[in-house]
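Common to both upcoming complexes is subunit A, partnered first by subunit B, then by subunit C.
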Partner chain A sequence: MLDRRARRTLTAYLFILPVLVLLAVFVFGPVLFTFFISFFKWDFFTPPVFVGISQYVELFTQDQAFKTALYNNIWYTILEVSMTIGIALLLALGITERSNVLRVVYFTPVITSTVASALIWKYMYEPHYGLINYVLDFFTLPTSSWLLDPRTSLLSIALMDVWKGCGFYMMILLAGLKAIPSIYYDAARTDGASTWQQFKWVTIPLLKPTLLFVLIMSALGSFQVFTPVYMLTAGGPAFSSTTITFLIYKYAFNYFSMGRACAASVILTIIVLAISVFQMRMLREGGMMEY
Partner chain B sequence: MLATVAVVIIIMVAGGFLAYQAINPPAPAPENITLRIWTHYTGNASNPIRAFIAEYMQLHPNIKIDYEAIDYDQMITKLPADFIAGNLPDIIHWGGTADLVTRGIVIPAPQDISDDVKAKFGDLGVELMSYGGKVYGYPDEAGNTIFIYNSEMFEKAGIANPPATWDELDQDLQKLSVFNQTGGTVQLGFGIPNAADENTAMWEVLVWSNGGEIYSQNPPRVLWNSTEAVEVTKLIRSWIDKGYVDPQWITYDQGIVKEKIASTIVASWFGHWVIELEAPEVYPKFKAAPVPYNPERATHGIGSGYAMGMYVTSQAKHPNEAWAFLKWLNGPWEGHNCTRMTAQIAEGVGMPSWDKTSHHPMYDTPWFKPFVEELRTPGHTKALPSLKGASEIEDILHKALEKIWFENADIKATLDEATAEANRILAENYPG
Partner chain C sequence: MKKQQKRAGATRVLAKISRETLLWIGGAIFVLPFLWMVLGSFKTTAEITRIPITLLPEEWLINNFVEVIILLDVPRLFFNSCLIAVTATLGSLITSAMAGYAFAKLRFRGSNSAFYAIFITMIIPYFLTLIPSYLIVYRLGLINNYLAVILPGLANSFGVFMMRQFILGIPNDLLDAARIDGCSEFRIFWMIVLPLCWPALATLSIFSFMWNWQDFLWPLLVLPNKDMMTLEVGINYLQTVRSGVINYQYAMAGATIAIVPVLIVFLIMQNQIIKGVTVTGMKGGA
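Take a look at the complex of A and B:
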């Protein structure tokens, strides 16, 4: 017979059992299957053939497309994260005391369908008839081919992604700003600190955990970008905007190379895990306790 | 007495009837079956085939045909998922015979169907639906790619006829390309198609029209860095340098349709599905012509064809009935000078079919006629071989060409690198 504590533990597990089963079937199971298939050559249709780690080796040594995608993804992350944090922080600082209308305006892109947003931006980016070049030309500023130029295709996608996600991070930073007690600002003002000095010596240190959270979340998201790439450029021109997730899709469903797609997915998972571990270590330090 | 005789007679008649039934049993009622068919003909493009399916069901009341229109992009994810689930339809309309056969997705046609295909279709169409010497289905969309041009823009530039040779094309592009006072482009002579498969098809027809080849045979290997291929690439690159071509234009929707680009190389579906739908007033101005060729290496232009076709899948529940339906669909359409499937391809998709004898009224239109003529003139249309891994190989070529168009990459080095990468993949699939 189980004692009372054991019975309570068993009851708790029974309550979460349905969710665990769902997680096992729809999350952990596919993850394990992906890892397993990455050691096989498999095209969905014929039996898998064991090839060991050769597909991993091939991705890093022979597959030009994968190396290009990895390089593109790193650049994309740097672009997207820096723009997202900068703009989200400015918006959060700017509307702290403003009305809720502005918050709704900035948050609306977050809840808009990514596919619909991408289609609109694609029209806006059109080099000869698009809105962006029209406005630039109106102010006699230089125009660009945006999505059709290998030099600007990645930046163009990043701009759309920043517009789409900024509102979300703005809300997080806003919450972080509101959590900073006003006594610190009062003390700083009493000591004669300027606005910039208050920002540098009060806001930034106390906002550090929130900033790190935003940094890591946006980095994780940027490494997994797919829909904007698929809709705006299909990875082109000349693979200049091909990212790892887009390449995984091509491996699996264009080339029917499921083993290679799984190997690339595992590599992406390791990158994302590394970023997450970094986040957890950094969030253990800093914040108001350290201040 | 009379009653006894009556009973005996009744018993004898009944016995005779039963004996007759035993010797000549009545034909069993036909089994009710459902044929499932997938095609990528959605919306209005499927109107003709749906009408034919309704007609077939009327002729065969025990057969129900379940037509499922699947968008082209969705098919590539649906196909593997449904294969694994054992849920493939009886008939699938797709392309790439080698991929479908080597992956066990489709079955070979029975002998009578194979003979029917060979009798009705041109050699190239039959070849594209064959693998290992066996026929696997009925070819339909020919989709041959040739030169198209805006005749009004040509007239305004003082050009009476479309170019036949590369020199003529070069001269015409110079006249057609117009710039403003600050050097900005007002009009371009030629547009490079933006989509991967059309971009590579344009390059391939020009290589053929320069006397070159794209693949060697036995084992198949790409020849993208051949002398002829490098010459073609240099030619197109020279057009970009001279300003006749700008790869950063959206050729179809912004260039051709808005009459900012005078010509390109594309398949016949483009006429209805892009020009006519987006700018019906512009469509009558467009004409087609054979691909310009280099007379130093070739005697005529060569267009590019591909084959989509109807196959019976390996998971078909009713393969015999499926083949029978396909034979009927590709049979003569009463009162018309073409087969039913030819009508579907012409009216639904705006393309000629591989059927070598059919004549649809659309074939007489100024837009269609050159496509059909090029398709049916021996040696004027080639097709890439159906190979395993074709999709990835096409992407490698596309990336190499775009590096040359957009980044002015070294032509020989880029084509050498792409050739090596593609042949590495081919060597895995075809060790030789």
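Take a look at the complex of A and C:
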């Protein structure tokens, strides 16, 4: 006969068992296995061959594609995060409570699937009969080959992602803005603060926790961008838009270099965790405002 | 003095008008891609590639839709997507609520470590688990089996986290009263906690459904068969459906077919969805 405490523990574990088992099979186990396989050469079908850390070394020394992908990832993240959060913040500040239509309009791309969005944007980016070049040409502005030009391919993917992501971060920032009590603004106005001063000294400091949260989320998301790359450019032209996740996919499922793909995944994870830790520390130093 | 005030008032009105105008112009730009998609879906091959481009289709033909529905067997793909999304959503609601209840209301040894373990899966990059997960599914012989997508979808760490937060708000007295009456924990969970969780479950189900519906890479890998693939994966092939050349009229018709049902659901439930986003900070799609 079990005592009461043991029984209570047993009951609790029965409650969390389904989630734990599933996560063990599809997350924890695979994570360990990925680390393990990153030290082996493995083509998925024949037995793996131990090669030590040589695949990590190769990625950093010989693999030009990996270096390019790493560079692209950093560039893409900076582009996407700054544009998305910048526009989202402007929208959140501009949209007032009443304009429900505008909120829905800006939010619609968020619920649109990435695959469908990518198809639409690919059509708009088409150099000859695409809408974007047509409009640019109409205003006699310089046109571009967008996805087909190595100089603009990454930017073009980022623009689609900005369109798709803005509304989401706008909503979170709106909620953050709404949580700032109006007495702070009243006080600032009484002291004769201008709109800009109110923004700088009231809005920004009090919105800081929300801002950092959306920064973390969008940085993590854009560092792992895959589907837009797969759909819009397949990493091209000439690796100009290859990101790490796309390279992992190619190594694993086109070249069947599972070991190398796993090593790249481990590096990706280390970078992503570093970003999270860094930004969480900033969040803590910034201090969670209480009001 | 009065003049100055008047001028300040005028600037304010002007600022407000220009702000509103900018917001509406921005809104128009945000809607434009959808409009362009619908217009493109009615154009013929000859018209869609013509230079200079036509804005409105010369004739509103539904040929593209018919072609796409036949090419992709859209009803079948729609069924696949529905079956996967509904099953995974319902399953994950139950597993999330159960785990959430345990973490919120039951005190047991190891609860903190277990909770952190689940929490950490939320920041692990998806690609770290991709290859071994594929190996598991492959070895179990589940390639081209719905279970390959449903099984991993049954556990949702974000759901666990969200349900725990919600259940924490349920008063303990209520549960203790039931315990004194001799109710088992499972009965308490099923009869008292679960019905009270309705708002959280509704929000979670909307998002879980959206995630599953829009998931791309995993279904692409494990359900490659033409009659097993999801709608998302299917419309991706519309890019190269004939002779390797991109046929945008089919792509636009496919995109319209994929977007319109989601759009209708969104417009009906916009308030819940938007509230859900601001409360939980969740995002659909990858």
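Operating definition for what follows: the second predicted complex is superposed on the first by the 276 of 291 C-alpha atoms of A that agree within 3 Å, B and C clash if a C-alpha of one lies under 4 Å from a C-alpha of the other, contacts with A are read in each partner's own complex, and residues count from 1 in each chain.
Following the convention adopted for this analysis, a contact is a pair of C-beta atoms (placed from the backbone, for glycine too) under 8 Å apart; a residue touches a chain by one contact, two chains touch by 3 or more.
Here the structure is a predicted model, which is why all the values come from computation and not from measurement.
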Quiz item: Given the touch rule stated above, what does A:S113 touch, subunit B (first), subunit C (second), both, or neither?
Solution: second
Self-check item: subunit B versus subunit C as contact partner of A:I74, first or second or both or neither
Solution: neither
Quiz item: Between subunit B (first) and subunit C (second), which does A:A261 come into contact with in this model arrangement: first, second, both, or neither?
Solution: second
Quiz item: Which holds for A:L148: it touches subunit B only (first), subunit C only (second), both, or neither?
Solution: first
Exercise. Return first, second, both or neither, reflecting whether A:P237 touches subunit B, subunit C, both chains, or no partner chain.
Key: first
Exercise. Look at A:T46 in the shared chain and tell me whether it touches subunit B only, subunit C only, both, or neither; answer first, second, both or neither.
Key: first
Exercise. Applying the touch criterion given at the start, work out whether A:T11 contacts subunit B, subunit C, both or neither, answering first, second, both or neither.
Key: second
Quiz item: Once the shared chain is lined up, is A:P127 touching subunit B (first), subunit C (second), both, or neither of them?
Solution: first
Quiz item: Which holds for A:L273: it touches subunit B only (first), subunit C only (second), both, or neither?
Solution: second
Quiz prompt | subunit B versus subunit C, judged by how many residues of subunit A each one touches | solution = C
Exercise. For subunit A, give the residues common to its interface with subunit B and its interface with subunit C.
Key: 44, 126, 128-129, 253
Quiz item: What part of subunit C is in contact with subunit A in the complex they form?
Solution: 19, 22-24, 26-27, 30-34, 36-37, 40, 48-53, 94-96, 98-99, 101-103, 106-111, 114, 117-118, 121, 123-136, 151-152, 154-155, 157, 160, 185-186, 189, 210, 213-214, 216-217, 221, 232-233, 235-236, 238-239, 246, 248, 251-252, 254-255, 258-259, 262-263, 266-267, 270, 273-274, 277-279, 281, 283-286
Quiz item: Which of the residues in subunit B come into contact with subunit A in the complex?
Solution: 76-77, 80, 83-84, 99, 102-105, 194, 196, 247-250, 254, 260, 389, 391-392, 395, 399, 402-403, 405-407, 417, 421, 424
Quiz item: For subunit A, which residues are in contact with subunit B within the complex?
Solution: 43-46, 62, 64-65, 126-129, 145, 148-150, 234, 236-240, 250, 253-257
Exercise. Over in the complex, which subunit A residues touch subunit C? Could you list them?
Key: 8-9, 11-13, 15-16, 18-20, 22-23, 25-31, 33-34, 37, 44, 91, 94-95, 99, 101-117, 119-124, 126, 128-129, 131, 134, 163-165, 167-168, 171-172, 174-175, 213, 217, 220-221, 224, 226-227, 230-231, 245, 248-249, 252-253, 258, 261-262, 265-266, 268-269, 272-273, 276
